[in-house]
Amino acid sequence: MYPLRLFLKYFQLTLKVTLQYKFDRVLIAAAVMIREMAGVIILILMLNRFVMIKGWQIDEILFLYSFLFLSYSLFVFFFTGIRDFEDLVYSGEFDRFLVRPVGILFQVIASKVDYTAALGHGVLGIILLQKTASQLGIEWTASGILFYILMLLGGALIQASIFMIASTFCFWTVRTTNLRNMLFFNSRKIAAYPLSFYPGLIQKFLIYVIPFGFVNYFPAQYFLKKPEMNEFWSGFMFLNPVVAAVLFALVCLVWNYGLKHYSSTGNALY
Amino acid sequence: MRAYLKIAQKSFRNNLVFRAEYFAALLNTIVTILVNLAIWRAIYEEEGGLDNLQFSLIVTYVILALALFQIFTMDEYVIEKKIKSGLITSDLLKPLSFRLHLFSFHFGALLYRIVLLLIPTLLLYSLVYRVLPPFSIEMFLCFLLSVILGYFVMYSLNFIVWLSAFWFYKTFSLVTIKDTAVLVLSGAVIPLWFMPQQLVHFIKLTPFDTIFFIPISIYLGQIPMDQLLFSLLRQVIWITVLGLIGHVLWKLATRRLIVQGG
Amino acid sequence: MLIQVEQLVKDYQLNKNQKGFFHAIKNLLMPEYQKKRAVNGISFSISEGEMVGFIGPNGAGKSTTVKILSGVLKPTSGKVIVNGMDPFRNRKKYVSQIGVVFGQRTQLWWDLPAEDTFDLLKTIYKIPDATFKKNMDMFSEMLDLHEFLHQPVRQLSLGQRMRADIAAAMIHEPAILFFDEPTIGLDIVAKERIREFIRSMNQEKGITMLFTTHDMQDIEKTCERMIVIDRGDIVCDSKVDEIRQFSDSERKLTVKFGRQYDRIELPGAQMIKEAGNTKTFQFRTNEVKIPELIAELMSRYEVLDLTVQETDIESIIKQIYEGGAPAYESVS
């Protein structure tokens, strides 16, 4: 169980670093949570005069939202190193990983955890899920719970893939963090609301280009069973793990190719 | 005066260099407006009122508010960075007023945002949606005045938050909380007339609505003539109050810097 | 031979235009590279237990060579065999047998005490408890690690940090150690301490070591052999002793004359510098005896002042860089 032991050791250290600045980190986590909550509050304020919009209750939209928060929390818990990959490469820390007898991706993933973001998004996600699920009377059967967890993992992996494809560019010393943030966070912003609110072109974008639709909209249909799902292929509802697995596998291939390129060209910044 | 104009000019040019940041900001504005309009569209479609004036009013409001919100965005970490790097002491020794220096920097960035963000965004959305013209020419002039006052309210509020860097190691939390408060309470996303009465009463006690809500309401002719002057006066009062707080904090902060030796 | 390098070439590809996203995309699709040769077909071999210093000015290719030997970079061409392995095949197995210190960048966790990093390394390299304890005790004794092991690394002095960094690179008992500028930025006392440690580890444990530096003192005080590298080429590979012998025999004689002479002839000495009436000569003590030379000088010319200087290794290296190096052939 070497990998697990090593992972736990890294986990212990990253946690220790975070706990060093307890006050500071708790404040940041709270700030992140409040920032993310703004979206929810605005939605509630906007809709408090209307019972339904386009057939959606407010709780249903917030339920949709909860997927985003929880899967992002999971993503950031496991993949902070991928999110901050540019720093890792440009600071030269990445070269250190190459001289250790452990898998490179493993080190990237294990060596950094942004607990503040994980906590901020996670707590908000759980609150939202708990509130909306009981309001909507969602029955938590064993298979339902399993499905929800599977969808969260898939969602985290889809988001990781988006970040990882951007991080691959670092191997060519091309900076894409800006572009990535632009695509990722704007897509996320759009995905906060039902896809049916948007024109077809944007729907297609969130299905085929930046597949955020599979992070929340389609999986949520399993629980909400909205009639508008008829406009899409019903298989989309279950496609999240497939999209996640295929995407992540592809991205890993590209990443490994980039890694090879990196070791043959070197970090040209030095 | 010359020196400050130079700083503003440099700041303007500096922004031009970062093209990737520019496209990111432009796309952010466009998408934020798009998402918000999609929701309002969904709401009014439900009510069957896409053609009525109410919808055009809200569309105009959202586009104007979010476009203004985008250009009122400032680099929040200038002071923090200067304190961290220790540059603050040498800046204070320069024969320039630090606060005017800082303002010139932000002013240059503001002009840049007006030319390259506000105008393209407004043009784009006025092609797609029916954006209402100003209520009247007089109101438009009042609107312009009110926008300027709104900017100063925002700036004075920001300045207070930035100054906290003299006391705290990191200002991220405070800045983020302030941003969120502005986003929700200033009417940048939802007009106050959609908010619960009690919340509106609360907001009226704060400076937040004087940043975006008052100027845009004037543009749309939603503020009756008899209340117009009062609204502008509220903006002026808040600039004075926040400015005074900022001034006192600034004095305290610089004294602290001298005592502690940077 | 433990380390064997033959005709090693390394070209860096620099992106011509790194600015702007669209250029970046264009670069990616139609790469427009500028080639920069960092290492230009060098060959050398190092046997077990040797301690070799790599010296050269900035950008000479030292760090690149260390990165290639430690498996971070792949050579453009040429052969590298270390400990019977190609550093790029079977990376994990290879790197578990080597230790690397990048002087400019610490591997210690910045916000945590150094002991936490050691703890992590213990897990990473699967070091048995007994071995770990034995090594930690040894490092504590030799490097006084125990004095600061419990303090966050960010509070350590550069010298303390470097000591901990070196111990961290050795905790898994590697057969070969690569150091990239281990003494950079340190004060004399701290440097001395690290040199002493490196030397004793090499002598007592027989660990093969290769380190880069641009401080000649590092080499003089620790290595038996030095390789001088400049602009990607090896310009000198010899025993430090031989160079020292050479430098021992070379002297500089600076003379201030009482009046202007058009020509000065001194058998056995060559004039190398001239500034007005002050002239500098170079000679070897095994060719001319100092008293004889001075007697000769005094009898022929009017002399106001004179000094005789030893040549240190540093100035010989400088000569080698500058391409001249008449001395070099005779020593190698």
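We call the chains A, B and C, going by the order they appear; numbering starts again at 1 in every chain.
Keep this in mind: contacts are C-beta pairs under 8 Å (C-beta built on N, C-alpha and C of every residue); 3 or more make two chains touch, one makes a residue touch a chain.
Just so it is clear, the structure is predicted and the values come from calculations on it, not from any experiment.
Among the remaining chains, C is positioned farthest from chain B, on the basis of C-alpha centroids. Among the chains, the centre nearest to the mean of all shown protein C-alpha atoms is found for A. Rounded to whole angstrom units, the spacing between the C-alpha centres of chain A and chain B is 30. Centroid to centroid, with C-alpha atoms defining each point, chain A and chain C lie 47 Å apart. We define each chain's centre as the mean of its Cα atoms; on that basis chain B and chain C are separated by 57 Å. Residue numbers of chain A whose C-beta contacts span two or more other chains: 178-179.
Each of residues 21 in chain C touches at least two other chains.
Multi-chain contact residues of chain B (touching two or more other chains): 20, 23.
Those residues of chain C lying in contact with chain A across their complex are 10, 12-15, 18, 21, 24-25, 27-28, 63-64, 67, 70-74, 76, 88, 91-93, 95-96, 98, 100, 102, 104-105, 107, 109, 111-112, 116, 119-120, 123-126, 152. Every residue of chain A that touches chain C in the complex is listed here, in rising order: 2, 5-6, 9-10, 13, 16-17, 20, 91-93, 95-96, 98-103, 169, 172-176, 178-179, 263-266, 268, 270.
By the touch criterion given at the top, residues 24, 27-28, 30-32, 34-35, 37-38, 41-42, 45-50, 52-54, 56, 178-179, 181-182, 185-186, 189-190, 192-193, 197-198, 202 of chain A touch chain B in their complex. Those residues of chain B that touch chain A in the complex are listed here as 20-21, 23-24, 27-28, 31-32, 34-35, 38-39, 41-43, 45-47, 169-170, 172-174, 176-177, 179-180, 183-184, 189-190, 194-196, 199.
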